[in-house]
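So, here's a batch of structures to check.
The two complexes that follow have chain A in common; it is paired with chain B in the first and with chain C in the second.
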Partner chain A sequence: MSDIARPARRLPRIPPVPLAILVGVVLGGLLVLVSGGNPVEAYAAIVTGALAFDNLPNTLNWAVPLVGMTLVAATPLRGGMINLGGDGQMVIGGLVAALVPLYLPGPGPLLIIVAILAAMLASGLYATIAAWGETRHGIPMLISSLLLSYPAIGICSYIVGFPLRDTTTGLAQTPMIPEAARLPVLSGPLNAGLLVMMVVAILVVLYDRFTVGGYELRMRGLNARFAGYGGVPLARQMTGVMFASGAIAGLVGALIVLGSQFRFQDGALLSPGYTWSGLMAALLAGGEPLGAILAGAFFAALQTGGFAMQRETSIPRVLTMVLQSIIILFLAIRHGVGRRRETR
Partner chain B sequence: MLDFITPFLVNSAVQAITPILLAALAGTLCGRVGVFNMALEGQMLVGAFAAVVGSYATGSALGGIVAAMLATVAFSLILAYGVTVFRGDAVVICVGMNLLASGLTAYLLRQMFGVSGTFSDPAIVGLEKIRIAAINGWPVIGWIFSRQTALTWVAWILVAVVTVVMFRTPLGLRLRGVGEDPEAAETMGVDVTRYRIVTVLVAGAIVGLAGAQLSLGTVSIFSEDMSAGRGWIAVVAVMLGRNHPLYAALACVLFGFADAFSVRLQGQGLPNQVTDVVPYVVTLVALVLTHTKRRRRQDPTITASP
Partner chain C sequence: MMAGPVGAPPVAELEARGIVKRYGPLVANDRIDLVVARGEVHAVMGENGAGKSTLMSILYGLQQPDAGEILVRGRKVEYRSALDAIAEGMGMVHQAFKLFNSLTVWENVVYGMEPSRHGFIDRRAAIARVGEIAARYRLAVDPAAVVGSLSVGVRQRVEILKALYRDARILILDEPTAVLTPQERDGLFDVIRHLAADGRTILFVTHKLHEVMTITDRVTVLRDGRVVERMVTADTSPREIIRAMTGRAVNLKVEKAVSAPGAPVLVAEKLTVLSDDGRPLVDRASLTVCGGEIVGIAGVAGNGQTELIEALAGLRQPYRGSVSIAGRNVTAAGVDEHRVAGLAYIPEDRAVTGTARAASAADNLAMGFHRYPPLARRGLLDGRALATEARAMIARFGIKIGSEKLAVGTLSGGNLQKVVVARELTHRAPLLIAEQPTRGVDVGAIEFIHSELVAERDRGAAVLLVSAELSEILALADRILVMYEGRVLAEVDAATATEEALGLLMAGRVQEAA
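Coming up: the complex of A and B.
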């Protein structure tokens, strides 16, 4: 292995992540300038749009699914595995969470709990198919998890487009779920989903730091073969981690459906691109949960600010996507984010 | 059973295969020098966008093709230098590149043409379909070979060229050596870094052609994220073909026919949400079948490189 200490020859000692953000801001600013906009105005709009007191709830609300999808990516990444199937797993969770309160009788709070658990179970099981493909057949999970996403999305889209469609509207969506089965509102746009996601985030961090399983996962991330010789049951571990990862994706889908959209609408879970933003946040932190959560929250702020920028300066908000990718590319190239994983 | 093979479907399947085939070819080149290229999706998107811009600006399809190749080569510099000189992780870089391509093309689309979603304009000149009068009316042969774009021809010629160069020339031997055992290649006097950089850039030019076929081949428009998973299918074709251009091409043909078959199913009244899934399911089944035969002996620990 050739990536032992590299000589420190950079002159200004700016820590990698702020430096990467600075590079992203400068390059993004140039892009705005070239296309005839005012970068200072654009960035001011992003910052106030994301962090002004009145806008904080919106940022938090956007952060719930994004941080959730960050955990989806970070959990396997901690062990050197990559789950690219977050989209499909999230959609399955969203659909299951919408169908439970629509078609099962029962008191509201119970329905919420059953819906969330059923969503997590369904998505978790779906995610383990990719793990099973690798442990039993040697099909790289990297690609099978992604490919499995397409059938999941297609079938869910078919279910709400035809058999279980809300025929009173012209769109491919389920009927609205009953009011009793919606997540309680905390204030403004914030609902109980925020609390659920905070609990899950804390649990993931605690599991990573203080349990045998978390230790074994980190060991696998450092050197999978060594972990295997050390007695870690690699196949079972992969299946378990993928189940957890998929279950969190299902939870994200369920929280969006039960907390803000109140129905499963075809494509609505996917258009914000939470999965890929979450994957980038997780990669940025190398799978370390706390860092990944912070990175996810940062991206959420950036994206929320992007909406404000688009409103006020007419600079398209996809600029924030460009910023994110410049940051991750800079870190990957200059500071070897992800290099620790075995790639050869 | 095979009655879904109609002239129109064969013709359109061959057209649909072209961008995937070109991208898969680029993927095998990168794979052979030990660079796992997962950025095909993003590279194709950049190529498709640049092709439309070039065609719009110069008023010729050739201008579009040149622009697509230049833009994709420039974009591929990130991968070429990122994984060699800077020793970055290929998977992370490729994920970043795919997102950068998606964001950048959407941003430029709005800022340059003031539209979001889809850009179409009569000034965009599409690729001409080459009609070969002699075989135009023949069954099967005519459907396959006539009324295709020049890029479809280029794609299949490139399959042959790459195969010959890779397995029958000293250059190809060195290329394969770089991928199989970089240390040994280095000892033999091969500049591994240079070989990797140049190969990734050449592959980038080929993906540029894929992008041009996508946006100027059947339609003359650019729409956001129009690569729509084709780059990923190409990645799978590279894996199925184990970095061999001929087998990768075979996987692309399989995919193309699955795609044509799904269009046919749609014609029989099945909803498109179901039929769209067919190519991916076929690909998954192909993965399972090919991997069950040669099950790996080692532990299932290595996630990325094939």
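Coming up: the complex of A and C.
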């Protein structure tokens, strides 16, 4: 209630993402300093651990599932929707991909293709349940997609724990899949899954930029009412997007099982937390696919570097997760503050 | 009815001086002065977007004005929040009730100001106090009832009780009858009369004319954020109020030849649209629009026009009735089928529905036509075609934007409206629905949009025009339908229609208009 103009308190115009990363690095460094470590040493270990020539394959191998789960989150986010059910969808895909070569006859290459497609189909269909709940019954997908994750994980755990368990070991896991049905190795730890994921990532970017569906999804994300007014069938679109998102999660599960673990082991797909790192990467880019892919790759490098740092120095790799969180939080603050200022 | 106070009272109960509130480039309240006397029922009228809600939220402390001052009983007040306003004796009943449905009436009423004894809520005292206030103002409510089990009308009484429990001297009722049945409405009017007789002051926000005529002493009319008229209810008429609400100083004359209607393009039969709680918003409305004619729908805003159009465009499912466009039954179909059948549609709200602010002009100008050639082939968007079409539209309609790649969010209202109009007119659809096509647009753009609408008619399109501005309807339409409380009340030939007769019809007074 004053005639006096508010003083314009504006932060300097540094693009938000680099600024957030900078703040994360500085705060993370302080954290290391406070706990008695050497920040320069820590960051050097992260960088060499992630990007040195010998370590690059490891980073790429870690990036395949992480970028995959980034796309799982980014695709719905592009249209203003959120899929929190990546864990469940990925686990379903992983289990299906393990069961196909174990229980179906046929030549190896064919089994690989069938396993991947079956995994994508199963996970995609499972993800559409959440979309169906929202479009038909008004259950917010944000909640249902997350909740649906737990029964999926539980059921898969039961299946490998009891009926289809490898009885030769003491663990809840399937038997090893035959060698012929494993993804071909490119070099070292790298397998053909890298190529598959690159193709999928490129397809998502192309879809976003050049297709009618991509346009409709973008417009929905910017103003869903406008999209509906323009004739975009919002319910069908939500179902389709969730199917695609779930299918990519299934693909990630399948690539891990067929490419590096060679069996479905209870909990093994979830412990690295790809879903949540992917979600953060997608949020970082606001759902824009290319940005999300880069963010996902960045997080993969950060995390692989974290492992190296833990080996080389006495600093635990949790630091890299802290870094990741600070970056996201800081971005969220910036967005929130910016928005409020606008409406004033 | 009570006699309206004559002249300005010595000290106004509530006074607002020069209230200004801006949202970006939009001036929602432009130097508003408002004087309300003690014990008065004062109507604040205006169309959607006239600035009523903004003004009320400022008076109730929910928002702070950019300039201006508020005086309560002659004393200047500054609200930091609604709590300050409540302390000054303000009360507000919102359109959407703010109640805990699982709690009882008395719990809702005393919430935040509970009478206590030894640190515990004094239940008996609370119930007694609530019952006492209810009896005094004839608010028939059982203090022990659970709010969730009560009807909408009774819940509203609980809201009023809440305000009175906090000893509100000035009560703002925001569109209080929108959710009420006629009987409940009459009950509310009784309560209002009792409150006024007790020396409490009522600010009654509405756009329903007969209610204003029935219950209020004075009227302040807002339009485009400004006070355009202050009237004593007893000395005015519904027609004068309508003119104040919708009228525009410039009455633009549109050059047009006699229409030559062709075959029916849009046919709606006995269309009924229900609100979420089952009240009919559109009530068995039938209409036909032929190629080569402009049919205008007149009516005071809020009489079902918006919902009717949403049902015709496929944005809302009708409960009963049928809609066909160019011979295709599209009653249950989605928007895309409507568009394929031949619909172009300029929506009421260009910023909320008609555009995506953060999207580029090219993306905005493609929407609705983006699935079909020339913009797309086999599911692939032709980016070059999008840009070419957008540039052509920007040039033809004189949209002031640097490039088709820029976001439309920064455009002025008139330019943003041109984006919508350009998009909807470029594809030569057989049916054009234009809803408030010139609202908030400058005079030059109005003339341009009007001549484009007539050109659409002259090339054989069926045009359905909805406007709250009578002058616009009279200038453009060949036939006029009047909507009142969800029904198509009357059809008038535009050649013989007078503003007076339409005004009476818009107020629901068929006999007098005949």
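One rule holds for everything that comes next: the second predicted complex is superposed on the first by the 321 of 344 C-alpha atoms of A that agree within 3 Å, B and C clash if a C-alpha of one lies under 4 Å from a C-alpha of the other, contacts with A are read in each partner's own complex, and residues count from 1 in each chain.
We adopt the following convention: a residue touches a chain if its C-beta (ideal position, glycine included) is under 8 Å from a C-beta of that chain, and two chains touch if they have at least 3 such contacts.
Computed from a prediction, not measured in an experiment: that's the story for all the values here.
Model built by superposing both complexes on chain A: chain B and chain C clash.
By the touch criterion defined above, A:225 reaches both chain B and chain C. Of the two partners chain B and chain C, more chain A residues are in touch with B. By the document's definition of touching, of the two partners only chain C reaches A:215; chain B does not. Applying the stated contact rule after C-alpha superposition, one finds that A:318 touches chain B and leaves chain C untouched.
In the overlay built on the shared chain, the residue A:36 is in contact with chain B alone; chain C does not reach it. Clashing C-alpha atoms with chain C appear in just one stretch of chain B from the list 4-12, 112-120 or 184-192: 184-192.
When the two complexes are laid over each other on chain A, chain A has residues 3, 225, 228, 342-343 in contact with both chain B and chain C. For chain C in complex with chain A, the touching residues are 23-24, 64-69, 78-79, 313, 315, 334-336, 338-339, 345, 347, 352-359, 363, 366-368, 370-371, 376, 379-381, 383. By the touch criterion given at the top, residues 34, 36, 78, 81-82, 86-93, 95-100, 102-104, 106-108, 110-112, 116, 229, 232, 235-236, 239, 271, 273-274, 276-277, 280-281, 283-284, 287-288, 291-292, 295-296, 299-306 of chain B touch chain A in their complex. Contact residues of chain A toward chain C in the complex are 1, 3, 210-216, 218-219, 222-223, 225-233, 342-343. Taken in their complex, chain A has these residues touching chain B: 2-3, 31, 35-37, 80-82, 133-135, 137-144, 146-148, 150-151, 154-155, 157-158, 161-162, 220, 224-225, 228, 234-235, 238, 276, 279-280, 283, 316, 318-322, 324-326, 328-329, 332-334, 336-339, 341-344.
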